[in-house]
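After this come two complexes, each holding subunit A, first together with subunit B and then together with subunit C.
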Partner chain A sequence: MSMTQGAPLLERGAATQAVAEQRRQSKRRDGRPGRPGRDAGRGRGKGSSKTMFLLIAPFLVLMFLFSYLPLAGWATAFFDYKPALGLGGSEFVGWQWFSMLVSSPTQVQQIGQVMANTLAMSFLGIATSLLPVFFAMLLNEIRAPWFRNAVQTLTTLPNFISWVLVYMIAFSLFSTSGLVNSVLHDWGLITVPLKFLDTDQNVWLTMLLWSLWKGLGWGAIMYLAAITSIDPALYESARIDGAGRFQIMRYITFPQLMPTYVVLLVLSIANMLNNGMEQFYVFQNAFNKEYIQVLDLYVYNIGITGNSLSMATALGMLKSVISVLLLITANAIAKRARGTSII
Partner chain B sequence: MNFRRSVAVMVAPLLGVLTLTACTTAAGEDDKTPVSLDQDWSAAEPITIDVYDGLANYMGIQGGWFGKIVKDKFNMELNVLAPNVAGGGDTLYNTRVAGGDLGDLIVVDKGEQMDELIEGGLLLDSSRYYDSMKNVAPYDAAVDHLNEGKDGVYGFPTSVSSLKPTEPSEGIDPTFGPYLRWDLYADAGYPEIGTLEDLLPVLKTMQDAHPKAENGQPAYAISLFKDWDGNMMVTAKQPACLYGFDEMGFVLAKADGSEYQSIVDSDSEYVRALKFYFDANQMGLVDPESTTQNYDTMFSKYQNGQVLLSWWPWLGQSAYNTDQNMADGKGFELVPMQDQQIFSYGAEVYGGKQFLGIGSGAEDPARIAAFIDWLYSPEGVLANSSQTMGSSGPEGLTWETGDDGEPVLTEFGTKAFLEGGADVPAEWGGGAYQDGVSALNVNTVLPIDENPATGFPYSYKYWPSYQEATANPLTEDWAAHMGDAKSTMEYLQTNDQVIVAPGSSYAAPADTSEIEAIRSQVKASIIEHSWKMVFAKDQAEFDALLAKMQETVEGLGYATVLEFDMANAKAQNEARVEVASTFQ
Partner chain C sequence: MPTTSLATRRTRGDIPFGVVNYAGFLLFAILCAYPFYYLIINSVSANDLSALGRVRLWPEGAHLSNYGQILQLNGLSEAAVVSVARTVIGTACTVLASAFLGFMFTQERMWKRSLWYRLTIFTMYFSAGIIPLYITMKSLGLTNSFWVYILPAIVQPFNIILVKTYVESMPRSLQEAAEIDGAGTIRIFFRIILPNMTPILATIAIFTAVAQWNSFQDTLLYITDQKLYSLQYLLYTYTNQASSLAQAAQNAQGNLGSIVSAATSQTPTSIRMTVAVIVVLPIIFIYPLFQRYFVKGIMLGAVKG
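== the complex of A and B ==
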């Protein structure tokens, strides 16, 4: 994978590179040598490609073991798999599971609802993916380091809390006898407990808020790192030109973060169907199931809860196929819009 | 890119090969020469065996007094693997079975699971040990029935009984019943209850009179939970059992085979129960936490007296009827609902739903066979039976034979069973009595059966000495209003309010995978809609949800599964009729 900077930023990017190059040169003049070994290696040409291959071989093996080998499990989708009998002892059924998935309008409608949930949650996630950028930029503007660090730590922490614990927090706050309902009740504002968790109202929105609460600080880390690598010369010149704080944010920081943002965006589009299942698994109940069941959770509910392993595999395969299609589409769009491909 | 492609080319054929290397180990035990089990196992090498137990609620090494008995007798430790504890449905079973080794001692369902384990070569043919298993011998008919059509002895039946199949397997309390807080029912003036719906005003009166439990928390007439929801919402199935129905998939079948209902039909007992809960909720009788709580939370509410209705004696009574509460006249007792016809499981002459088997990978199958045999001996039955069925424990520790030959609880036994627990003396293994009970949680012989050694049932709960010792204001008041009945079952039988389904040990054939796939979606939809119906805003929403449920399940292929279940329900009835006439 390679990534060059986009067309609108090309000029500034080139200038930055020129400055950086100049610095490297000046450092060398201070007596530090470049890296002769590496330069020499590059010049050796064809003879070294075997060594190079050996160097990446371990990663290829890992890649094979963890990304390609499990694909063998797809065979399950064409059998009536019973664990006790093994794949060899199970009956071969061909495309039966795939045709079952589309066998009746209700079935199709159910998968349609699941897809709608999946895409809706993903689009909401993508729509809010700029929030960590702004958060990082604003955090970066805080002068007092202790305060900045405190905020950063506190907002990053939720990322390390598992969804199970998040649900426990949600439960103790929002269940019918939870903190919020008891307080409202004690103040005489309500007589019947409000249903926050066991309702089919605003499921997508509440799920989005939970994942934002959990992921905002963590998402900002990447951008904070990117901010530190922005060339200070850009800020200096902007300041000399009389730019104010918000102008610097608007014209320097924000555009400089865009390349990082775009890469993450394209990856998240390819990942659109993978919105995970832990969050939805812990929050699901009979009341919100219709809107909370995303593809991964649906596969789990059918395969593990419902014990239809083969059918779940067939569903999972469809998911991979759609993901690949989405990735190709996203890549094509990126290629057209920015002139470079990411894969 | 080119490189990637060439890797793909190299990899593709490999995938194919790997696909086929799924694992099955053949049993390969062709040697059928009988092996004698008659030896002193305590001198054998110490071993630890894996016990895969679908009934166990404890996972880990069996310790305490039961662990010590097994260790002393067989020099063996039991490492219990409990799918109930591991969670995630059949995950543990599937993973272990796919790995080719379920356990050394296996307790799973007969029927589908047994068949596939035999076919997959995971169960050992125990024929060579069977001749030597003296304690199982009296139940030979049940063993034969279980292994019918199989080329060997692969399993041993559980809950076997020498009672007639038409006699209830429950001795004192039925499995189901309308159990109310008797003290509050008494305060309400023992109102008459004609039918199910008449419970609502009674419960309303009771809840209004006692809005808070002793701990200051609000009390509700009804509290529901979702953990056991299977083919349907489990708490909504229970009222159907009061009218003689039990489930067979999506069918509610009457014990005497006179009626079969599809649960989603608008006039089914299941929908009637949903309506009952809906009305209760409209009247403010349903605990609002029902939707999110689990069984444990609900159970502790019963313990605290926050719930007033229980469909099961083993829920309400076991949680709330402590000695202290009963001495105060408080507790759950069955109320006389005039039109009830409570479903009762007849004694299973051919054994219960599960079976015991030896894993094909067992290191020392002979010792496990000897252990299984011991579990059927009076000593084994007394020590091993499940606690909920009133396991008496080992003679000398919890009970002894009295002067007139009648078994009585010892001081220790009284403390352990009736006064909330006791510490086991060191020579019996130490620790709390409760922590040392058998984690297997499986009854080889029905605890109501007569112990040949004493002439009284295995379970202490049926001993006259126990019943005398436990008389209290609550049971006295109950008996006074129930025609001086000695037990709930006796009351129901005298009033013809119980209907026994003969114990045929019928096991439904396995779902084909197509039916299983449809069923898993249909039941998810039924459960989802059922809960929504109970908590619907108004009657219109309730009706709309019912219609939506019927439409959705129909679209998912409900009819196919129903046909299958209906055929099974009828086959089950035939088996019941047959067994009833065989053992007349």
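== the complex of A and C ==
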């Protein structure tokens, strides 16, 4: 209130600057409690403690078994691996599987389609990555707290169910005997049921819509939290400057959310090849298989279902290596741009 | 107090904008919530109507016999036990291990502490891939074992970072006082540290429990023994395999003897809906409880190691 009273007396631009700067400084001075005693611990107990190490050793063993030991399985990619014979009994074939990936025309065509699907899903995800930002900004404009809370509750719920259940919901709503077809039929709009699921049409779009249905509300939570931590002085001074609601959204809220957004964007670029397989596995069928097989699902399909374990390992290995390289690159870019790393 | 403040200044576009904004969110909220409602009303409606997609807005011919009958389906009660067991045991193990490791990694005196910490955190950024993982599980004898649900999930680097950050923000004097009194590391952990970090542990517990309950891929990859199927996996087979489902429906009716009518005899739809509700209800019930931890969980996620 006192801000609004005194506002006309001040030069507007200066007010904005001053208030913001003041806040920033006061934050700098006492905003950081630091890590009390972090250095205090150093002086005590000069010798290293092996007992402490022994206490965590069992957990380190678990971590080694389930994260590092499987890397040895990459050797499979250089053998003609037969599970019954084990690695020792299988024939060593060198880079055969890797060259097969790029030599046989049918294989190349298939991998090309898989890569197209993978990148399409990733780029569609990146193209819609601003939606949670807008969702949060618009929800923030809603004044009635009960309505905001209700919307937040209902829209985050789908994030906490499994893809199996999402598929079950999709099936009961969109199968040929499902709700949508039966409603359309009752209204006389169709005579033959529409095939929403058993089709090769619009597979990418459908998958995008389901992942938005599941993830949009949850994705907005982080931005809603970020909005509450925006310095109120920025809003006060913008109002003093006479900014309207849309100008405040455009020039204050949106830019303030960008650092968070950029970090997530860079991470999603680094994760370009990792779509996960669960969503695509549950939705896949004989009709949509060509367009739904992303890299993770393809590796599963040829490896476990098709029994080409070595080929699948070779492909998975390439994927892992490229992913780590992408992550390192993304991190380096973020470090150069923002001064801090993202991982 | 003046009634007009700059904060509520209205521009010409405000009212249409408000209406559209409210309507948009209302629509999306309905889109998110209706499918759950649809499952529930169908699971308690007359089975001949639900099979035709006629139950749309409220239950028709309501009855609860589906829930009794479904439990007699082959494998369903076993799957429920497996899912509950993995959720309870898995969550307990993961939470305790995360708390302990997060605390231990703050102990500067530990031999090669930062090496172990870095090795642990590094596992977040790569994966050997599903085939090498499958081969590893197989050679460890974990395929077709209940422990494949528990053991690989115990060490979670992300949770360890959360706990470590939390412990570092606690006053050091707490620990020092205990050390002066002669308490050992284990004692300090259980007596001093653990009771003081319930908020962060609750957050971890909730997210771990949801992940365990929802997990589907590990059953798909490592389990062929029907006794170890999880509810999620069973739901998947029910949704996708019409033939096995019709068979299941017949069995369910056979088990019940003679008194079956069109409204209560099992159809593929009624089985699917009822199992889906059984799978989703625990999530809906604990949902209000863990909503409090959302923002906490996700903002802590922004803290780096």
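The working rule: the second predicted complex is superposed on the first by the 248 of 343 C-alpha atoms of A that agree within 3 Å, B and C clash if a C-alpha of one lies under 4 Å from a C-alpha of the other, contacts with A are read in each partner's own complex, and residues count from 1 in each chain.
Please note the rule applied: contacts are C-beta pairs under 8 Å (C-beta built on N, C-alpha and C of every residue); 3 or more make two chains touch, one makes a residue touch a chain.
Quantities reported herein were computed from a predicted structural model and do not represent experimental measurements.
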Contacts of A:172 with subunit B and subunit C, given as first, second, both or neither: second
Most subunit A residues touched (candidates subunit B, subunit C): C
Touched partner set for A:104, first subunit B, second subunit C, both or neither: first
First, second, both or neither for A:197, with subunit B first and subunit C second: first
Contacts of A:287 with subunit B and subunit C, given as first, second, both or neither: first
Touched partner set for A:114, first subunit B, second subunit C, both or neither: neither
Touched partner set for A:313, first subunit B, second subunit C, both or neither: second
Touching partner for A:324 - first (subunit B), second (subunit C), both, neither: second
First (subunit B), second (subunit C), both or neither touched by A:244: second
Partner chain(s) touched by A:136 [first = subunit B, second = subunit C, both, neither]: neither
Residues of subunit A at both interfaces, subunit B in one complex, subunit C in the other: 60, 68-69, 71-72, 83, 171, 177, 304, 309
Interface residues, subunit B side, partner subunit A - complex: 7, 11, 15, 18-20, 22-24, 88-91, 93-95, 97-98, 113, 116-117, 119-120, 122, 226, 288-289, 291-292, 513-514, 516-517, 519-521, 524, 527-528, 530-532, 535, 551-552, 554-557
Complex contact set, residues of subunit A against subunit B: 60, 64, 68-69, 71-72, 75, 80, 82-89, 93, 96-97, 100, 103-107, 109-110, 171, 175-177, 193, 197-198, 285-287, 289-290, 301-302, 304-311
Residues on subunit A engaged by subunit C in the complex (per definition of touch): 1, 4, 7, 33, 35-38, 40-42, 44-45, 47-53, 55-56, 59-60, 62-63, 65-74, 76, 83, 138-139, 141-142, 147, 150-151, 153-158, 160-165, 167-169, 171-173, 177-179, 181-183, 213, 216-217, 221-222, 224-225, 239-240, 244-246, 260, 277-278, 281-282, 296, 299-300, 303-304, 309, 312-313, 316-317, 319-320, 323-324, 327, 341-343
Subunit A-facing residues of subunit C, complex: 1, 5-7, 9, 11, 13-14, 17-18, 21-22, 24-26, 28-29, 31-33, 35-36, 38-39, 42, 51-54, 56, 97, 100-101, 104, 107-113, 116, 119-120, 123, 125-136, 138, 140, 151-152, 154-155, 168-169, 171-173, 176, 185-186, 210, 214-217, 220-221, 232-233, 235-236, 239, 269, 272-273, 276, 279-280, 283-284, 287, 291, 294-295, 298-299, 302, 304
